[in-house]
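Each chain carries a letter (A, B, C and D) given by its place in the written order, and its residues are counted from 1.
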């Protein structure tokens, strides 16, 4: 992986008005930063401006503190939501799992070969089954069994662990538990879940059974941020595959695994590369 | 198009049991028919057998009457639903439309270049807008305006027209009216509708608006047989296309048109080539 | 279609250096133009900067002449290739055809429903077959038969016609003739061709026959700018479809038509919306 | 995985003639076997008949020897190539690799979760790098380094190993060596290779570099049987993915890995389930 410690990514969202692009470009130029790429999108229906700027500070005339302060000043003036991240700040990730191993296996393999710029700090499970997978990739495995009775206590335990590890992103890799609003509130738009259907079709449990019963000719998978409404969070990525009457539920499950792996990995990658902006119930994805 | 007047297609559906394949193959061989292709599928979950056999009677030892009688005898013995069609019996088709012209235009163009083996006998519309399209392809255009008040009467008029034209297949090419159960009962699994979403997501009206509001990353179209439950009939064909936050509702409408055209044309073609078997709420498609 | 007469599109390509984004954004802001969208890409391997800016001059402080002069000045200083187009300048298009009607039909239908912002001024053909299609859409049809002997003369005739119509874009919609270098030189990166294969596989004639002989499981279509090397120009758009051993050459031809139509229409649309920049033998497409 | 030890798969290929379907169906019925599925295809251009029959002998009236003899008799009479396999005969597989781990990792994971009905008996490598992957899945790893000088001797060593393990299928999972004709002759249509391009585009080395240089908008992967002509064997499976100017060679390599994994796994699965028939330079795939 190339050295990108001096590369910064700035994500911006604010009400649209004239001069935003110029203000930011001028600011960065004034500090001697070099813009490598800039994607911009304005949702004219709601009058909201979105931008992702990637710039290099290797030859900057000032330092990161000065640049950060300048951006904060402009942001305050223009009412911007901003997120600024440098390449040498590696995001810390925790992966929640239950018993299905395909997404976990796939994520850890991708992490190992360098596809995902992050540290995977922990695999957190409510079943012991996937300990060997975590161990095989040398990732600490934390077993926190969940029962209807102990749910509140185990969530507190999970949150304490996440805080102690300074986790930036939580990934639900076919984690078969529903997070409470307390849990979600602590990681707003920072929990990525994979749902094994083409949402909003087949919300809830056993979507492959639902798809088989309906006789659809296409199945899908959806990665989304977790919100309080089940399977209703902002969608980051979706993909689909053609199926036929010949596919049994087991075939759909098998074929769906390939979709789930790819869609979840893509969403995690997009998030880690600061390519996703959430606005209301939807995402802007600069890919 | 090659001469296929002596080619027959036999569609079979029955409870599964030993010897069905042999019985039919032996029967056809005994009459001197040559099997060109045979697709078979058994739904083991429900114990139902499905087969599509295409055979050539050019060098048959007997005639069509004898072959038909023999098949009927076997069908009765084995409890089969059968459908036998010869290539020289051209299906008669009526297309229902309202104001959108893309599906109609596409179907009539495909018909003209020989992609669809049928006679398009009539375009039936509740608005006058598409008369020029029908006329451009030399298809009779019937304007039967529908209002909430005259619905029963106009349906009677439509049915009378369909009967007089001996219509085999009705296509709803973005026809914006809901057929009554009387109408549907007269054409069971013989009315193909195109719905402009990936069903069962976005049932009902304005699916592109629904898709935009939900922020999906993939849109779709679904061709299905019309049943009494709205947007719930057996699915024949579906396809999808990736979209992004950049796509406005108008973009979705535009991109969806391409999906609708292709999916509807494929479903009509599959039906006309006797490739679709309905069982319960689902289809078996031998493509 | 919305009124976009006051919307401008600026396409920029130049050697990469610091401050380009700022210079242009500042310039537009200074004139009171509102940037609606800005896509930027830097090819770091070759050090080339590309940008597409779309801006609104409805509330500009100066006029188009002043804005144009300012852009020209910056362009000269930074060594930019620039292309600036306003929404009220409708591109003039000529479509060349031979005998296949599907691409022509599709383009003219899309033009009629407003998918393509252009005037189609002429259909130019070396065979009379498609006159009815042009006539059906009220587009002037010019028959200029081509023989090996009269090739130079007919090209001169074609060019004279194009010049007299002030054509901006030439579309080869399955035109079965090879343009001379003289012809191509007059419309550099302004001739879009559709090739009925996934280039660079199956260059030259009868690609569907080649694909069938090779037994591929996927067929494709490619839209590209025409250059002197046959089937080797910069690729604008490609798409593919799965096929199987069951598909005869005729099936590939039929299924390929759907690909060709969609891919050619997409390329023409991308070009007309000033979304394509050519650099060397490749394109940058801001879609 | 369900018990399918009594399920047999019969693959048939022969010159087309009347009565083949009947002869085989009647034969199986006579022995009390139950046909579960039968797919048939006739290549009318070359007059060749292909069929895959899957039948259950749980309630057969005779035994496997009798059924086998009967099939052999019919095969001799009709000039058939036949392949008959029972579910309790598990294919033995060897995987050849060099340094890239993604395909190996993916195959071994799929094998472990039961997607591939086979025994993976050996990973054979010309580099030591992937020993940990094999070991992690408990598959014996054989390091047989290859140099231009020792090539003949190492191939002899490889062949001896394959023979001793009674290998049925050889998989080249990004194995960066070219097999000799001696090697190939011993495993005709039993060596599956993955090529990292959409063949026949980009034959030979560094296809992602070639694709990047050409500026294609779609990349692909191809699984095929290995023959003496490099990258020219019968294609079993292909898939593609859209790319853009933004994708560097490294991006293509990364995105291509996902294609390679899926396409190779699909081809191996199709082969192991006796769904592939080779005729000349092409395949018939009953999927």
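Quick note on the criterion: contacts are C-beta pairs under 8 Å (C-beta built on N, C-alpha and C of every residue); 3 or more make two chains touch, one makes a residue touch a chain.
What you see is a predicted model, and the numbers here were worked out from it, not measured in a lab.
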Legend entry - Farthest-lying chain, centroid of Cα atoms versus that of subunit A: B
Legend entry - Chain pair with the higher count of C-beta pairs in contact (B-C, C-D): C-D
Inset, instruction - List the centre-to-centre spacing of subunit B and subunit C in whole Å, with centres computed as mean CA coordinates. - result: 37
Inset, instruction - Measure off the straight-line distance from the CA centroid of subunit C to the CA centroid of subunit D, and report it in whole Å. - result: 42
Legend entry - Residues of subunit D engaged with two or more neighbouring chains: 41
Inset, instruction - Report the topology of the inter-chain touch graph, choosing from line, ring, star, complete and other. - result: complete
Legend entry - Of subunit D, residues touching subunit C in the complex: 41, 43, 45, 198-202, 214-218, 220, 234-240, 244-246, 248, 281-285
Legend entry - For the subunit C and subunit A complex, residues of the former touching the latter: 18-22, 25-26, 28-29, 32, 34-42, 44
Legend entry - Interface residues, subunit C side, partner subunit B - complex: 101-102, 105, 109, 113, 115, 136, 254, 258, 262
